[in-house]
Each structure stands twice: as C-alpha cells, then as structure tokens.
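Paired with chain B in one complex and with chain C in the other, chain A is shared by the two complexes that follow.
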Partner chain A sequence: MSILLQALLNGVMNGALIAVPAIGFTAIFAVLRYPNFAIAAYATIGAFAAWWVNVHFGAGILPALLVAFAIAGCIGVGAEETALKQLRGAGALTVAIGSIALNTVLENVVRLFFGNDLRGYDLPLVPDWRFMGLRVGPQQLQSLAFAVVIMAAVFAFLRYTRFGKAMRAVADNPDLARLKGIEPAHVAMMTIFLGAGLAGVGGVLIGLDASIDPLLGFRVLLTVFAAAVLGGLGSIPGAVVGALAIGIAEECALLVVPATYRSAVGFAAILLVLTVRPRGFFGERAN
Partner chain B sequence: MSLLLAKDIVAGYGAAEQILKGASIHVEAGEIVTIIGPNGAGKSTLLKVIAGLVPAREGAILLGDDDVTRFGAVDRTRSGISFVPQERNVFGNLTIAENLEISAYRDSGEASKRIEDLYERYPMLAGKRRDLARTLSGGQRQILAMAMGLMTAPRLLLLDEPTAGLSPRAADELFDAIIALNEGGLPILMVEQHAVEALAVSTRGYVLVSGKDSAEGPGPQLAADPEIRRLFLGG
Partner chain C sequence: MLAYLIFALTIGGIYALLALSLNLIWGGIGLVNLGLVGFFALGAYASALLTGAGLPVLFGWGGAIIVGAIAGLIVTLATTRLRDDYLAIVTLGLAEVIRLVALNERWLTNGSDGISGIQAPLKSALGNQGFNIFYLVLVSAVVLVVWLVLRRLDRSPYGRAMKAIREDQELAGFAGKNVLGFKVQAFAVSAAIAGLAGALYAHFQSYVSPDHFQPLITIYIFLAVAAGGVGRPAGGVLGAYVVVFFLELTRFLPDLVPALAPAQFAACREILVGVALILVLRFRPQGLLPEQILPAPKS
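So, the complex of A and B:
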C-alpha cells in the first residue's frame, strides 16, 4: 500500500513540475494555433540560465527562476520573430516542423556554450523527510510549492488582468478580437514570451529534481506534449490536469514495468486520447 | 458631408475572385440604412470591407473627414466603426461581464460606466453577467454581441444579419432594440435577411446585386416596390 502511495506522491510531484511547461505549450497553441516543440529548448535554456546565476553569482532559487523566465521568454520571442513567424503563412504543420528544427538548433547552441556534462545547482544537500512510510525530499516540496504558486499566478493573470483577458479573447476568436481593438500580433508576442518563460521555469524545476544537461528539455518534451493533448490542446486547466494524470500514470507504471519504458506512458496516453476523445479533457480544437 | 461614404468598392477573398465590383453606399447622421439583395451579392462582404476585415482593392472609405481606406480592423474600431458579425460574434469562453469589458480594450477607463449603462439597458445581461457567453440562447447572444459593439462608443454601428436564426419573437425584440439605439442618436448600417421588417424601420435602403448597388431609396418605399418585393422579398 505504501508503495502505491509513494508512487502517487511522486506522480503528483512530477506532474506539478511538468504542468508548468505544459501550460506554456498549450498557451502558445491556444493563441497561435500551432504546437511549438521548441518549448523543449526554452526549458533547457531556462535551466542553464538559472544554473549560471546560481553557480556564478550565488543567486537563490527564486531569483534564478525569475532570470530563467526572462531569458527563456526573450529567446522565445526572438526565435519566433526571426524564424517561426516567417513560416506561419505555410500553415500550422509547417510551423510545427520548423519548431522541431529550431529546437535542435537552440539545443546545440546550449551544447556549444556549456558542453554535454551533467551539472547541478549549488544547493545544500538535505536528507529526505519520512512520514507514514513515505519519503519526500525538501527540495521536491519546495519545487512543488513554486509550481503551485506559478500556476496560481498564471490563472490569476488570465482571469483578472486586462491583458490576460485579451489573451483568452484572441485564443477564442482572433477576428472578433481585432474588431474590439485588440492587436492579435501583440498578444501573440506576449503569449510567446509567457509560454517560453514558463517552459524556462519548468526546466529549472525539473533540473532541481536531478541535474541539467542540453537534453533536459528534449527528454520531457513528449511528457509535456502528452499532458497538453490529454488535457485538451489550448486548455490551460486541461494542461494542469493532463500533467498530473501523466505524472501519476508514469510513476504507477514504474511499479509494473522497467524504468526504460517510462516514456511509453506518454505515447500510450496520446494514442488513447486521440482514439477515444480527440479533444482531450477540456479542449475544443484538438482533432 | 456623409458620416460614412464607401465609394466604388472593389473587393473579394481570393486573388482572382471579386465579390464587390464597384459598390457605393453612404450613411448620414441619425440614419438606419439596410442593405438587401440576393445570396452572394456581397452584402456581408461590404460590411466586412467597411469594418476593415477585408481590404478594398479599389475605392475609398471615408468616415466623416477621415479617409480610413487603408486602416486595418483595429484602427477602424478606434476611428469609431463598430462591426457586429453574423456568427461567432461573442467570446464563448469568456463570461458576459468579461465580453463587455474586453470590448472596450482600447478605452478601458470608460468600461465600468458603459457596462453599468448596458446592464441598465439590457437587464438580461446583468442577470447573467457571470455566465459564459456560450451558454446564452441565440437571441440573448445577439443582444450581448450588440452590447459589445456599443462598448467602444461607436460613431457608426454595423450589424450583419442580426436576426439570423432567431425566433420571430426574438427577432422583433432585437428590432426594437435596434430602433431604440437609433433613437438615441446612433447611426446603424445593417444587412438583414428579414428584409421587409428591416426596410420598414430603415431611413433608407440599398439593393445590392452582383457586387454593385442597383437601387436606393427610403426604406418603406423600397419595401413597397412591387419589383423589389417580387425579386428579393418573396412576393
């Protein structure tokens, strides 16, 4: 029983971390209507930016997260403006393929500067806490808390701010938004900044759990995509629910299959959703 | 000087396809002007050109003294043109209150007062302010769409088939709402499938055929014209 509870606990922890980049991915899809797979590189860039200020300037986790958000967001906007924007006229599939190429380029730029070595954040080592037969690391709890606060902040931003409402309006109906004086191009740029920034923050939270390397983002890309598809592409609450479901499913799967099959859970989830409910839990446009 | 002058408009969607082939209309202050015509004549396209959603390949659009021909939809809205599309005219995933608020995106300082005025004018919206717009009935949605169009305090309101798909009773209520708005001084240009009812309440009307204006006259007079009745109004 405690093994199952431990798997559920780990699943919730991992799911919450995955939810952050999944929100970024689905927000970009909602407004720009294409899946941006370069989100993996933005996660890696965020993780390395945070590592840089953490190791070289002694920045704590909170300022490192802010740096990761800003750097990944700016790189996301720059990459969108210089590369992906030119492809939009050719359709969503072309932009999606372009984003895979962009991801490879950015990932290799990171490799060029930082090499392939595994790196860890400069944080004190703290033993795991144990209660009722369950183990949990203080760092995991801190990351979970950050993830929850970030998700709450994103929801508050979308629900209560003028710009957040404009983002939802453009995601709902871009032509009508223009008629109401909202400039979709401006909203798109801010959404890219937010989405790439969240991916960067997600990269840090994932890196805090273990270590970072240039493939950090690529390794979680399938899980992030599966979470967004499961929740319904374009639905931000859906991305959170999808990420938690995938996180729990991956951890529970480890109880019966070897760890090497962990990524198969993401594939299985995508296959199942596209077969049974193509629009996911909360989505309207996935098909 | 006309409030709106659309002169010799040529426009279409594809590279070669021309829907409008030199259409001209004007709207004066205080008028309700209705455009009627057969399917495919370009009525809705003309409204979209005036709203800035479809570019004019030839011709000019003047709003008062201002030449807005090269303006996009966002700048047309800023200039005082408010367009209420026939379909997908509300943000379904936003609440009624959010729909109204976001409709004054460029003028958010005035939003609260305008929303309260609209709640007073349309109490149904006040009662459902926290509901998602997609939960409204067809008639309620059209009222919301029209109220959203008023949030920018427009100089001219464009309505594209506002009663399409509504029950006769809901359509009558909407016509009453349109008349009330006009009596408050707001000029209205609309395309309407219920042509007899629309022309009856219109100051003037246009008949658009094959992308060109083929007849113009006072609304009730057009509605009574036997030839127009035979061709476009079902007898």
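So, the complex of A and C:
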C-alpha cells in the first residue's frame, strides 16, 4: 500500500515539474500552430544558465530560476526571429523540421562550451523527510512549490493581463483577433518568450533533482510531448493535467517494468490517447 | 585512400536509401518520419538476428523489409486519421522506444554491447578488399533499383494521387482518392525501405549496437532530402551523397584546428549540419534538383 502511495506521491511531484515545460510547448502550439521541438534545447539552456549563476555567483534557487527564464526566453525569441519565422510561410511541417534543426544547433552550442560532463547544482544536501512510511526530499518539495507558484502565475497572466488575453484571443481565432486590433506578430513573440522561458525554468527544476548535461532537454522531450498530447495539444490546463497523469503513470509503470523504460511510458500513453480519445482531455476537436 | 573512398560511397548508398525512404513520404504525400533512424535500426537488428539464427542473408533482408513495413503500419494506423503533427511526435517516440528495447533487452539484442559477427556475404570467398568492392556494387545496385521504382511511381497516376494528397488532402478526398489508404501504404513502403537500408548496413559493418543509431542520423537524412530536392527521388539520392561527403570531409578538420577537443569538434559539426538544414529550408526549399511537375497525360 505504502509502495503505491509513494509511487503516487513521486508521480505528482515529477508530473508537476514536467507540467512547466509542457505549458510552454502547448502555449507555443496554441498560438503559432506548430510543434516546437527546440523546447528541449530551451530547457537545457535554462538549466545551464541557472547552474552558471548558481555555481559562479552563489545565486539561490529563486534568482537562478529568474535568470533561466529570462535567458531561455530571450534565446527563444532570438532563434525564432532569425531562424524559424521565415519558414512559417512554407507550412507548419517545415517550421517543425526547422525547429528540430534549431534544437540540434542550440544543444551543440551548449555542448561546445560546457562539454558532455554531468554537472550538479551547488546546494546543501538535506536528508529525506519521512512520515507514515513515505519518503520525500525537501528539495523535491521546494521544486514542487516553485512549479505550483509558476503555474499559478501563468494562469493569472493569461486571465488578467492584456497580453495574456491577447494570447488567448489569437490562439482561439487569429483572424478575429486581428480584426480587434491585436497585432499577431507581437503576440507570437510574447508567446515564444513565455514558452521558451517556461521550458528553461522546467529544465532547472528537472535538473535540481539530479544533474544536468546537454541532453537534459532531449531526454524529457517525449514526456513533455506526451503531457501536451494527453491534455490536448494547445490546451494549457490540459498540459497540467496531462503532465500529472504522465508523472503518475510513469511511477506506477516503474513498479512493474525496469526503470530504463521510463520514457517509453510517455510513448505508450500517446498511442493510447490517440487511439481512444484523439483530442486528449481538454483539446479542441482534431481535424 | 581507395579503401576509404569505397567505404564512404557504400555509406553514401545506404544514406541514399534512407533519403529515398524519407522522400517517398515527405516529398510524396506530405508526412514526416522523425523516427527514421528507428526503422533503420529495426531493419538492422531484424536481419542480424534472423541471419544469426542460421537463415541465409537474403532471408534476413526480406525479414528486415517486412519488420519495417509492419512497424510503419502500426504507427500510421494509430495516427493518420489525425493531424500530421501527431504523426511527427509519434514517430519520434517510436525511435526512442526502439532504442530503449535495443539497449535493455539483452536476451535479444545483447544490450549496449551490440551484436557482432553478423554474416558478411561472400567475404570469405572475396577477401577483405574484394568484399568491400562487391558490397559497394551491391548497395549501389539496390539504390539504383529502388530509385528507378520510386521514380516510376512518382510519374504514375499513383504518384500524382499522392502529390494531390500532399497539396490538399481534403480536395483529394473529394476527388474520390482514398487518402488514408494512400498514407498508410506510402508510409509502410517508406518504412520498409528504411528497414532494408538497416539490413544492408548491418551486414556491411558486421556489427550493430544502439550507438550506431543516434537520432542525428534522422537529421542528416532530412538535410539530404531538403538539400537534394524534396519531391524528386534523384534529389534525395544526390543529397545523401553530398551529406556523406560533407560529413567525411569534416573528419579531416581536427588536424587543421588542433585547438578544439574531439567533443567540441563533434559539436561544431552538428551545429553546421543544423544550420545547413535551416538555411536550405529558408533559401533553397526546392533543393539542388527541384521537383519536376510533369503535365498530366491526356486521357
């Protein structure tokens, strides 16, 4: 029983971390209508940016997260403007392929400067807390708290700010939004900044758990996709629910299959959802 | 030097098969397979295991084709009635799962150690040098045959129907074309070709391991098809040889720039590949050999 509870607990904590980049991915999809594979590189860049300020300047987790958000967001906007924007005319598929190429470029720029070594954040080691036969690390709880605060901030941003409302309007109906005087190019840029920034923050939260290396983003890419597809591509609440479901499914599956198959769970979930309920939990009707 | 050239041309031929495979669906019907390397690996392992169990090499290759086609069918049947971006995500996932299985199912694949001692056909009779030349001719002949068949397909009514679906699948559906059927068939044939390429690779190297099937290979093939010309089989073949030529050329660069460590050097190479792909997509989307749109025959 406590094994199952522990798996549930771990699943919720991992899922909450995955939810952050999944929101970024699905937001970019909602507004720009293409799956952005470079989200993996943005997560890696965020993780390394935070590592850098953490190790060299002794920054705590909160400032490191802010730095990761800003740097990943700026690089996202810069890359979109120089590399991907011009491909939009050729269709979503071309932009998606371009984003894979972009991901390769950015990932290898990180590798060029930092090498392939594993790096850890400079944080005090704290023993796990135990209660009722369950085990939980204070670091994990802190990451969970950050993830929850970040998600709340994103929801508030979308609901109450001008930009947030404009983003939702463009996602819902770009033509109508344009008629209302919303500039789609600005909204697109803002969305990329938010999406890439969230991916960066997600990279840090994931890296805090263990260590970081240039493949950090690529390793969780499939899980992030699975969360977004499960929740319905383009739905932000969907991405959160999808991520929690994937997190729990992974942990429960690991009770019966070897741990090395973790990312296969995401793939199985994608196939299952596409076969049974193609639009996911909250998605619009797939056409 | 000659031996090296023969090696590079053989690898070029295997990449050309992968490029033909990708072009059939990307240029032909407008789908992408981001897990191309997974189908490549599947074919390599299938043939290695079948011939390892004592079957003749030709059976191994046949098995690789069949296994590739079946995997292609599974992926498309789950996703083709959806938007194509889902297929892109699913194929990426499939390649990852294939890699995980190859890495973890030691009883079948020998894990990260890989399978060695794969039969090299006629190697004992021909000797080392003779075998390499024989294999180059063999691979080139396979490329030629597959290219001719795909070019024939490209110009047939079937090929025109595929391109109609690529341009506007709803319109093609209205015109009475079985859109789903075409997509499933094209994807299965494409996956089968990738499987065959894998089998040829396995028997050439005599050794396969999960390390041979990095996701980067998929990007190389995308670059090959984009640079050669999406939608024209000859373009993909040309692009594949160009990409292999470029990759092999960069092997000599470390001597020129000794300041870079090997890992940094590899990173630079991948950066160049990625940048090249973005530049081609942006500035020369039609590639070196632009697609030919033949006028429809009068009926």
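The definition used in the following text is that the second predicted complex is superposed on the first by the 284 of 287 C-alpha atoms of A that agree within 3 Å, B and C clash if a C-alpha of one lies under 4 Å from a C-alpha of the other, contacts with A are read in each partner's own complex, and residues count from 1 in each chain.
Methods note: a contact is a pair of C-beta atoms (placed from the backbone, for glycine too) under 8 Å apart; a residue touches a chain by one contact, two chains touch by 3 or more.
Everything numeric in this text was worked out from a predicted model, so none of it was measured.
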Clash or fit (per the criteria above) of chain B with chain C on chain A: fit
Which superposed partner A:K165 touches (first chain B, second chain C, both, neither): first
Partner chain in contact with A:T94 - chain B first, chain C second, else both or neither: second
First (chain B), second (chain C), both or neither touched by A:F57: neither
Contact breadth on chain A, by residue count: chain C or chain B: C
Contacts of A:V105 with chain B and chain C, given as first, second, both or neither: second
Partner chain in contact with A:W129 - chain B first, chain C second, else both or neither: neither
Distance in angstrom between the closest Cα atoms of chain C and chain B, superposition on A: 14
Chain A positions touched by chain B in one structure and by chain C in the second: none
Touch list for chain A against partner chain C, complex: 34-35, 37, 83, 86-87, 90, 92-94, 96-98, 100-105, 107-109, 111-112, 115-116, 218, 221-222, 225-226, 229, 233, 258, 260-261, 263-264, 266-267, 270-271, 274-275, 278, 286-287
Of all residues in chain A, those that touch chain B in their complex: 162, 165-166, 168-169, 171-173, 175-183
Of chain C, residues touching chain A in the complex: 30, 32, 34, 78-79, 81-86, 88-90, 92-94, 96-97, 100, 103-104, 215-216, 219, 222-223, 226, 261, 263-264, 266-268, 270-271, 273-275, 277-278, 281-282, 285
Complex interface listing, chain B residues touching chain A: 51-53, 72-74, 77-78, 82-83, 85, 88-94, 98, 101-108, 148, 151-152
